[in-house]
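One structure below.
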Amino acid sequence: MPAPALAAAGGQAGGVTPGAGSDPSPPIDAASLARALEAVVGPRGVLRRRSELAVYTADGLPGYRKFPSLAVFPANRAQLIDVVLVLAEHGAPFVPRGAGTGLSGGALADDVVLVGLNRLHRVLSLDPENAVAVVEPGVVNAALTRAAAPFGLYYAPDPSSQAACTIGGNVAENAGGPHCLKYGVTLNHVLGVTAVLSDGEVVTLGPGASGAESAGYDLLGAFVGSEGCFGVALDVTVKLTRAPQAVRTLLADFMSMDDAARATSAIIACGILPAALEMMDGPTIRAVEASIYAAGYPADAEAVLLAEVDGLAAGLDTDAGTIARICTAHGARTVRIASDPADRARLWQGRKKAFGAMGRVSSHLVVQDAVIPRTQLPAVLARIRDIATRHRVTVCNVFHAGDGNLHPNIGYNAYDADESARVDLAMREIMRICVDAGGTITGEHGVGLDKIGYMELIFSPSSLAAQCRLREVFDPERRMNPGKVVPVHSCREWSRRPS
Amino acid sequence: MTAPSEAWAPQTAIGVQDAVREAIATRAAIRIAGGGSWLDAGRPVAPDARVLRLDTLRGITQYTPGDLTLTARAGTPLREIAEATAAEGQWLALDAFATSDDGGSIGATIATASAGPLAYALGLPRDIALGVEVVTGDGEIIRAGGRVVKNVAGYDLTRLMTGAWGTLGVITEVSVRLRARPEVDRTLALARAGPAESAADVAAGLRTAAMAPLAAELLNPALAARLGVTATGSPVLLLRLGGNAERVASEQMEAGKLGDGAVIDTDVWRALRQCERYSPGAVVVRWSQLPSLVANTWRHAVECCAGSPEALIHASLERGVVRAIIPAADTAALARVLHPEDRPSGGPVFVGRRIAERLPARLWSAEPAPGTTDRLARRVRMAFDPWHVLNPGILGEGARDAADRHGGSP
Amino acid sequence: MSSAGAELRSTTGAHAGALDPRTPLARARKGLDACVHCGFCLQACPTYLALEDENDSPRGRLLLMRALVDGTLAVSDPAVELHIDRCLGCRACETACPSGVPYGELLEATRATMAPTHPIPWIGRAILWLFAGRIRLAVALWTARLFRATRVPDALGRLPGRIGFGMAMLAASRPALDRRSRRSYRPQGDRHRGRVAVLHGCVMAGLFPATNRATIRTLVANDYRIVKARGQRCCGALHAHAGDLEMARRLARANVAAFERAGASAIAVNAAGCGAMIKSYGHLLADEPRWATRAATIAGMTRDISELLAAAGPRPGAPVDASAPPSRVAYDPPCHLVHAQRVTDAPAAVLAAIPGIGIVPLADADQCCGAAGIYNLVQPEVSNAVLAAKLAHIAGSGADWVVTGNPGCLMQIGAGLRRGGHHARAVHPVDLLDAAYSAADRVRAGANNPVTVARP
């Protein structure tokens, strides 16, 4: 578990010390570093005042606050490379950040330099014939789809934060989203990355826009999901997807989570691969219905399933009908099919803004991201309910049921010490039962800071050490995003082992 | 040079670990063999390498049909997985070319990242592998990824091991994503008139057609004849359509616009995968560039193979990959394939990448080793196989590897 | 994860100087708790898009407000002042926010809390002073109108800098439609839709009197009965947005009393900013026992002019120029209509009653134009950056007319178009509808020589 942040953050912004993840090294001359960075990006591109760094102390996950030592915002590719070179010359650890919508604390800089990539937001090229685009890392996910739409194309991975999150951040976290059930996660849609490594070397990973198969190690596959620890993307080549000929969106509501979970398992087993299969429980439904994104979910339901099938028009209604029958057979009160695109959009808005709508329930929020085998859904959801009752906390479940990717959210009041402690215990127990069920600790949010303490639940020391070795291939000095993903001691133990 | 020692035949990951540790201790080289498909591909692995057989490390260790995932030991033949999953109406959509009689193993398929006709619609091995257990070149047993379909916990060693040809670690167990078998699985053979422009208009037609085939493979006349799908001596387009009855019927109608078609036995795909057996000892290469240029790639392949009437050529149109099996005796065609720059100009320029699959051993030394010699790749190798005991030379990096192995230390 | 709560607690414990609980921001703090920091507001925020620093985003400003409440930042911190000052107050973030953070209220509370230590710039104070007095404002606007008539502002409007922009704004307030298409007519209506009092507004009455007359004619034509509301004042929006809540309340009380006396069933407002303000009187006067209910009642009766017209149909007009090809019209919703009042469909219904025009889509239409009350005078650089994006979208739309129902937006966009040499002109939707009614009147009168509208 991370050390209390404010203890570290309380230090004066004078001598900068490398972040928690690094071994001790000589202190960095903060003033000279800031001057050198200003020489690259201009004075407006560097923030040093503590009051202006305050807004960069958090990402999309409430609960963590870490003050960067300074923040730098390159405006273009050349500036970004020069910024990384300056940081290398100073031996300064740093954290790349996109839009700060991540949910694992992955983009927090604990007294190290924050490199903001939000100003690199150009779509560099778009090849409609091959359905390929090359974009800068700060391009917003939804903006890419807008750019592709005139060609009948779109960018398939659709994290719920797609209106704000960036492609660079998506690559760093290997982001998912509801439609990843059918279309795959970010990894499956990235064809290439040009990245600058921590020492300033620029490397090209994957086939990129050339379209030719690449040979050799799949370093692109390793880079995607490396949480900003391997390099900073200068550009990303992504695969675009042809807009489906037809879409059918179904909403089924249930009087129990158990029924909805069993319906999910049955749909997955029946052979149809829905584009998305999402579940929301009663408390979530009611939070959404109270928001401006009210989607018309029945407010008295204990669960709704949002299912979508897409593709060729022929045969699609048959598939939608099969799913509707399965839902009804498993106790759905009503099943309705979105009548038009606006209705469909409304049903989806409710789902995608559900996390934000939790702010209506309580002032603070923890969110988990465990994945379990899909047959375990009913059993695990029942156990989560028991845990919540035992610890007197309210769990809101809104998640990618088709993937078995759970997002239990617990709203609480962080100023209440007792409640905070109970939330903590409940979350640990939930994570433990997910791992025991054969699952994993994060499906799309990343490990970051938030889940680093759970890594040893699923990986042996030698497996963690192997991850450290891969990281050091890219960043031997471990200056990028220090203190994230793999617990520091796992790396230390490996590097100190007798050879 | 001493005679090759007896092969290791471990039955557990620990047995594999023992073998790797033994090799480290003696600075010996290991040749990893799953189903044995690649032993005769001519790849220049250190000649003194001792074989590590994995066909003894077999068996499905976890399969819950409702989860649509499966975990198997590395040496498990794909055939065995196909049988187990077919009983549940599911399949592992890995139909790699060059897998001998479905005896190819799951471990080797992942380790070589071998793909087949289904790859465009249903994914490459990197898209299908969920997790691996590996014995790394320094003798550690590690696990990466997991058994669930979505997982971003930790750095992605699964992707790193996929396609590394065993040079970073010996894969001992693999978890994969399964698919439900389509309700209808129908194959059409469409005869095409006119040889040269065939690929061009077929590819264009496919892109605009209201269909999303599971596979679309163009065959040259020689291959079409070999597979017995045509007697007219023209190229043939094989289409595999899947889905519910209504959808497949609609796609079949649409396919009619691309050519005169006939429904044929789905078994043709198995024959296509193994078409190398028609030409023992043949050279196998593939070319890859942008899918929109596949017609260009196809013409390049056809021109290179001119004068080799027995050369078998096929294209995975949607992926932009063209593959050729050329009898070893057709030296003129071989020379054009391997050294296209020597060819008299006039044909379309091919700017993509040519990748060798099978070559006579003496020709491998002239092959470029793209992507394995740069700085990052070398560092990866040093990080996971510091003594270069695993399949040294298999990626065409032989001379340097040997030097690293004997002179270098991690 | 375990330390999440502890960290937040230590944020508050680390500094002793928590904000005085009696300040407006401390009292509004509950609104801050709704923010879960999801970031969905970022791409909705014009200043974030222009400046690309989260300090100039809603999420960032909410964090600054939180720091003020917790006392980790001082109210007089220059960074806080800079970034709170730079907020347009367009409230586009509110329509993007799933948690329902009351951003507009929090912003006003923050500015009011900062006001004692952070005086408004002289130009802003001068304008607020002007608007607070009925006589001096009338004199000032009458002078401006006279000056406008000299056409001198048209020439000066080409000068660079703030003066030039101000002159271009004045020039842009001149009626967009030519005299013939604005020709008066006697509207026919049966008055059955109820008694409506019209807010005259300050800038509307002073610089857009023709639009005010058109408002009354189109209401009558759609069967409303007009009643006078004497004693009405400036709505107080400029004062509230600048943090002068005291003056805003004083003006609000005067208006509540004036509209009560009118005995209307609805209050029509043709300036989106004023409409949003009057609709929030209930909130503004909530703490005044004598006024709270009365203010809420008046607020509940207030309607944007487009809402009243849409509720009536509205009656269709005739093509303003039957012989010309349809003019391309882009609708640019004022922030205070779409985000603050959440009025989205009514203006389209108004435009649908105007034959002979073609609606063209305007990219990012619901983003602010940078006018934002007096913002374009006190923050000219940011305002220009925001306006530049709007002008580019207008050029891309190919529109001849940009329709928007707020004087600030009309003058801001109008000035931008003039200075950029663009042929398009900004116009109030009511003016277009009124011209269509005027044309219909002439058709009824049997005039078979329809007048030609000067195309912009």
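Residue numbering begins at 1 within each chain, and the chains themselves are lettered A, B and C in the order written.
We adopt the following convention: a contact is a pair of C-beta atoms (placed from the backbone, for glycine too) under 8 Å apart; a residue touches a chain by one contact, two chains touch by 3 or more.
Because the structure is predicted, anything quoted here is derived from the model rather than measured.
Of all the chains shown, the one with its CA centroid nearest the global CA centroid is A. With every chain reduced to the mean of its CA atoms, the largest distance from subunit B is reached by C. For this pair, subunit B with subunit C, the centres built from the Cα atoms lie 63 Å apart.
Inter-chain spacing, taken between the CA centroids of subunit A and subunit B, is 32 Å.
Centre-to-centre separation of subunit A and subunit C, using mean CA positions: 38 Å.
In subunit A, 451 are the positions where the chain touches two or more neighbouring chains simultaneously. Residue positions of subunit B in touch with at least two other chains are not found. Listed in rising order, the residues of subunit B touching subunit A in the complex are 64-69, 89, 113, 123, 126-127, 136, 140-144, 146-160, 162-164, 168, 179-183, 207, 210-212, 243-251, 286, 288-293, 320-321, 352-353, 355, 369-372, 374-377, 379-380, 383-384, 395, 410. On the side of subunit A, the complex with subunit C involves touching residues 1-7, 10, 47, 49, 51-52, 54-65, 73, 99-101, 118-119, 140, 142-143, 161, 163-165, 288, 290-293, 353-360, 363-366, 412, 414-417, 419-421, 423-424, 427, 450-451, 453.
Against subunit B, the residues of subunit A that register as touching in their complex are 127, 129-130, 173-174, 176, 180, 184-185, 187-188, 201, 203, 210-222, 224-226, 229-230, 245, 265, 268-273, 311-316, 318-319, 371-375, 400, 403-405, 438-447, 451, 455, 458-460, 462-467, 469-474, 485-486, 499. Chain contact summary for the complex, subunit C toward subunit A: residues 1-12, 14, 33-43, 52-55, 57, 59-60, 63-64, 67, 72-73, 77-80, 83, 95-101.
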